[in-house]
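Have a look at these structures, which come just after this line.
Each of the next two complexes has chain A plus one other chain: chain B in the first, chain C in the second.
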Partner chain A sequence: MERSKRQKQRKVLLMGRSGAGKSSMRSIIFSNYVAKDVRRLGATVDVEHSNIRFMGNLMLNLWDCGGQDSFVESYLSNQRSHVFTSVAVMIFVFDISSREAAADLLSFASTIRALYEFSPGSKIFVLIHKMDLVPADQKARVFQQKAIDVRTTCEDEGFQSQQVDFWATSIWDQSLYKAWTQVIYFLVPNASAIEDMLRRLADLLDARELILYERTTCLVVTHITRDAEQRNPYNDRFERISSILKTHKHSMAKHTGTMASEVSFAELQIKTGDFMFFITRLTENTNLAVVMPSDEASFNAARVNVQLARREFSHLDIVEKRGKDVQRQGKDGPALEEVRMADDGEASSSGRASDR
Partner chain B sequence: MRTLFSENILSPAPTPVPQQNPFELLFPSTLSNASSSASVQSSPNQHEWLTQHWQNQQRAENDATNYGSTASSAPLTRRKGNPKLLFMGLRKSGKSSVQKVVFQKMSPADTLFLEPTTRIEKASLQSFVTIDTAELPTSLLASPPELDHHAVFSNMGAVIWILDVQDDYLTSIASLIETTVFLAEHYPRINIDVFIHKIDGLSEEYKYDTFREVRQRVQDELSDVGHADKSVSYYQTSIFDHSIFEAMSKVVQKLLPQLPAMETLLNKLCSTCRIQKAYLFDTSSKIYVATDASPTFLRDYEVCSDYVDVVVDIKQIYGWQQRDKTQAVEDGGEIGESMVTCDHSGDTYIYAREINDHLSLLCVMGKGSSADKRVLIDYNVSILQTALVKVFRV
Partner chain C sequence: MLQAIFYARFHPERGPSVVHQYPKGSIVSNAKDEGQNLVSFSDISAYIIPPYELCDRSFSICSNGRRVLGFPISVEDQKYDRNRFTFNVCFVLDEKTNAQPWHRVVAKTTAFFRDMEESDGLLHEEETLPGLKWADEETYPAESTGVIYGLLRAIVEDLNAYEETCIRVDELHVLNLRLEHHNSTTPPKVRISDVPLLTSALPDSEQWTCDVTLQRIWPHMDGVKHVQRIAEHADVELKLVKRAVRALIYHQRAMLLDLFHFQAVYTATADLAWFISDEQMQEECCRYVAGTNDQDDPADTTSMTLVQLYTSLSPGLSLHDFVLSHSSTLARIDIRRFITFGVIKGFLRRVHKYALAIDTPSSKPLSSTQGSSPSKSKPKSNEAVVREFQQAWKRAALTSGWATPPAEPPLLTTAASHHRGSQQVVAESDDEEDEKLRRCLDGKHCLDEICVALRISEKKLSEKIRTGRFGEVLVFSK
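Showing the complex of A and B:
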């Protein structure tokens, strides 16, 4: 009971027609598959559950629901309340190359009708998938058209327009990471607290950019960009970094002969005449990538400061320790505790600044 | 300011030199567009002019490349000039694909759409060591007039014969023997390398068996015609993984006269700094020009090559300010370097360092190279760097 207070379980439904690409996306993001490997996946039978731990006392309970008509029938009838209760996020995947657009929309409508019955406050992410099959010049138009159709359906069923978000994705480029990053960002409960602390850290380090990403999935949780870097022409650089790091993990796994999920480095540094870059672990589940201007002294100071800042950030990440849970039983609720620790963090990091 | 990997990598691939190809007329091609060949074959004066034309072009190119690359400013004599490679093989064996994937960074999946080559395709890789490549459209028969052979082969460093192992390779072997005999008699200094290509299509057991069989056959037939002493190198390659780059690296290495010097320097570095494996990469093409004496596994090459990709990509994302400013060439000052540290022991895992604009040193580090040894490693590598620059200035 206490653990469920500490570790928020967020239920995420992943639904769509059969063959839309749900299991492929899930395996690429969460199971370290490469895009080529997803050909091996067969049809999902009934529901596949996965529990994924994220930082900030977040436990994602992902329901990958088989899309074949018989399964969908069963969700909508005998399993209706079981599937659709207390859903935090529903991710619905449309296959843009499907020839049965009308049938897709009907199926979508019946699904969100059931969702509205049991979880009217949930957020819906609509992923328009397999966009690589659309010719480049038609991409924007096709996406807009589909988005409009789907949005009208949602509004018919009673969902407000701010509850629905649309993303165009494809497993062959970084748009997949961008969409899932938004999902994760929505689900992380104390995103703004994290961002505040990161912003303070960025000012302390005088860094150009800070990127916080989750270690196993390489998804960017949040980022802080300071003034000069706003002019960076690569607006999609966070997704690019996700895919670069993921490929790097795979190549290291191949070399050391270990599984891709177990591979991690302690630190990665790149120094050039133009910028200096390092990645290091920040909390148990996340890494921090820091981009600094090209100055050796501030680079080394930054590395030391991030080491010291780790302690403050660790409070945001809940480590599952049974002993500690029993201890914390007597204290205040989780929300207050975090605020207090954030205050501590503020005091200590400004203390560091004066030491420097 | 110095950058880790210069923007030459990011510039578009070098386009093949467009030229009025005189040789289009003369080779007896099995393709139908050889119709114009018959009329022009007779006069020797014609050939002379064509040979001259070819040699003038070569000279002009070398002047251009010498002007462009400060590293290899050597006169136009064989083995001291740029390495020159010639791709030969039967039709559809994969010559153009190999050229495009290695030198022009085409994705292997796109090579399906390449059209059959009808003329001699020449390309020049403008990089640390300028590599000129040429590709003949079909197999060369030894009978036609000699002069065109002279113009083609006189400057060649190596002939790469691409043998498609998924096709019937016996005919390819026969043509290979003919060509080898011809070259051994007239141009004995040309290296011959055989790429046993498209090896990714075979299953594991058959790979080595086929490789051995081809090698055995070629050796037997060569000794039958009396050229048993001609050394031919064999490589298993496929454009879908790193084996083609590894094979190409070895071919290029044999043509570089500075190779022994580089190898000695790398060996010294590896023994003093406890480096497991060191590569000198040509950053844009990811061919390595030298490595140390420890045993070479494809795995080490792959991880280093992937790491070059990581650094180049990140450099591209965050190095945008440099490209906005005007290009001021500043020498000395910042040296680019990068490293990855292992999780548990704090040892360095991969260490990368820029030597000059095109060349980088990549090391897979062994145990015991922890952070406090970094200073020593940096010092040793900078000594290596000055030494390498001197080696190539000669």
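Showing the complex of A and C:
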């Protein structure tokens, strides 16, 4: 497993026509806004930069770009190289209720043309937003149609089809979390390593499902589903849980009189006749949700094991300590890169005894 | 010189755009004729409509040899699209012009626009008017539509022609602007003995738009009454009169003269040479000083006479003595006007007397060189202590609500006790006066001022000082 001493920086552009919903999405996911609060947001003037720390060692440089005509003109002309260089991900938001579909598409084409010029290898996520305004029976059709139109445009501008992903979203349901989860999953540097470890843990616990959530945004990082659980018909259960966790944070904030960004919980347990479920902190920036069969003994064992496993997972999620700690790790040499139990783990993770 | 002015706002779809400009084509032009813009709007638009956190403060930027002064304003309200209405009114000047006097004009103009929007929604409404042309359209301006174009044009033309303007937009909204260049010096403090003289006419009372104080004191400002008298006659608080007069001086609408009385001393200044060489001014003076004379022989007062008279004024010569010695020549001359003319034109100045108390008598007993009656020195200092003590008691008593202060202070030496008896009766009533006087004897108050404040004549004041109650008082002229 690779441990990076430095943060990974990823530039993410968030673009779309004015009023498409970019800043609203950003506020809900990253700033703990509730859907009904975003009505009060003002228009973004030029670019709003946010630096969001994710999972400890990933730094998202999110560029929320104002969609007004004069700004877009500026991005495409005098700021062209400044905006479109070194882009990892472009998230383009289409407002499905817009009356100017043709103009929207043209604007999109110019934007990704500029993107291809400076960052041809970037990934594009196209979010077809405000789907709640489309009648339920037409949703699938409308989405498909739009996706086809947009995909054609992308290919015209030189992007391969695997570089472009489409998602239908709305701030009023969990689809928002689903789309952004995909974005994050794409960006997290050690996703497969995390999955390997989680798979091993799941086997050890004999859990039905393990889901790893990022703490502040409540977005799913990854999940492991075993055996019987794979037949679960609710494919969107993960983002629904994201949504529930988010709401839970808000109600905790309201009842304790603190800010939604500051609340956290130690553990949440749900026990029913069919299953048992708990969520607890795994690392400083992640929570682990564990779904167990309805058996008290294995449930308790699972809880203890997850506690013990915390130390292992702390490698995943290196909070950038101050300079000297990082150097101290360096001196011990690359042998420490491997996963180790007990005492060695402590020394190499520079004071993470608090994980216990 | 104001080269251009424009009104820009953040449009929810277009982004920052210029709605109105004057003159046409100065900031943005339609597609056909490019290249004549004074500044390129797209270069500076980020500074004209900045992020909200930077709004509501003065902002300026130089571009293309020109300076653009602005004050972006963001009005937050749910009724607007995207919850905000952000706009700016910018003045374009040449880069080398001194922009200092313009900042206030810009701030006031944008505040006025904000007012128009917040109270009547005029700005927002303007854009919904059919037939309104935006600045970058070919047929701009649509002069009969909306109020803003006319307002902007009036601002530019009036400020360039007259450096001030008063524009009425509708019944409620009037914009008054004035470009003021002489901001550097703070006007002097006005003393109660100063006499304000209006140097330019104030508008008719129908046109007053503000300042109740000025309205009330204006009829009393005749160049003869001093500030305290004006305050009494107009029944206005002294502080307010002083402030109003100071404002008039600042705006160069009035000047201060000294209090005219016959104990005053005047002397010529260096500018007298200018008076002597200027025949026109001499004629003007002749006419002016002969004013109250009913006899029709104006030729009697020649310039020569006036010059002689003016030059014979000197420090140390009080007006009283001057008049007595030149009584025949001055028979046909109004002495007040004679003096006033000189002071206004600047070739005469008043020599003020100031009093400074060197030692305060409340300190430890002084040496025998002090004061006019050495025999009184010891009890005098005790008496001063007694008096001060009494003052303090009185003050304390009155503030805490006691009926009467205690009859006598505890500490007194027996040597002074027989003096104390006779003096105590007089002491109390004079106490207040003396206190006030003592405070004025710091060398900063001219005698005129002290006389007016205490309402006594200069003669009486000199007597008081000479009693030695205040210790050694130095009187000097300046």
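Operating definition for what follows: the second predicted complex is superposed on the first by the 318 of 356 C-alpha atoms of A that agree within 3 Å, B and C clash if a C-alpha of one lies under 4 Å from a C-alpha of the other, contacts with A are read in each partner's own complex, and residues count from 1 in each chain.
Here is the rule we go by: a residue touches a chain if its C-beta (ideal position, glycine included) is under 8 Å from a C-beta of that chain, and two chains touch if they have at least 3 such contacts.
Note that this is a predicted model, so its numbers are computed, not measured.
Touching more residues of chain A than its counterpart among chain B and chain C is B. Of the two partner chains placed by the overlay, only chain B lies in contact with A:S264; chain C stays clear of it.
Contacts of A:K254 after superposition: chain B is touched, whereas chain C is not reached.
Once the two complexes are laid over each other on the shared chain, residue contacts for A:K36 go to neither chain B nor chain C. By the touch criterion defined above, A:H49 lies against neither chain B nor chain C after alignment on the C-alpha atoms of chain A.
After overlaying the two complexes on the shared chain, residue contacts for A:S70 are found with chain C alone; chain B is out of touch. Within the complex formed with chain A, the residues of chain C that make contact are 10-17, 42, 45-46, 49-52, 76, 78, 82-84, 86. Within the complex formed with chain C, the chain A residues making contact are 18-19, 40-43, 45-46, 48, 66, 68-71, 73-74.
The residues of chain A lying in touch with chain B in their complex are 208-209, 232-234, 237, 240-241, 244-245, 247-248, 251-252, 254-255, 264-275, 277, 291, 294.
Against chain A, in their complex, chain B makes its touches with residues 1-4, 299-300, 302-303, 306-307, 309-311, 313-315, 317-322, 333-334, 336-344, 346, 349.
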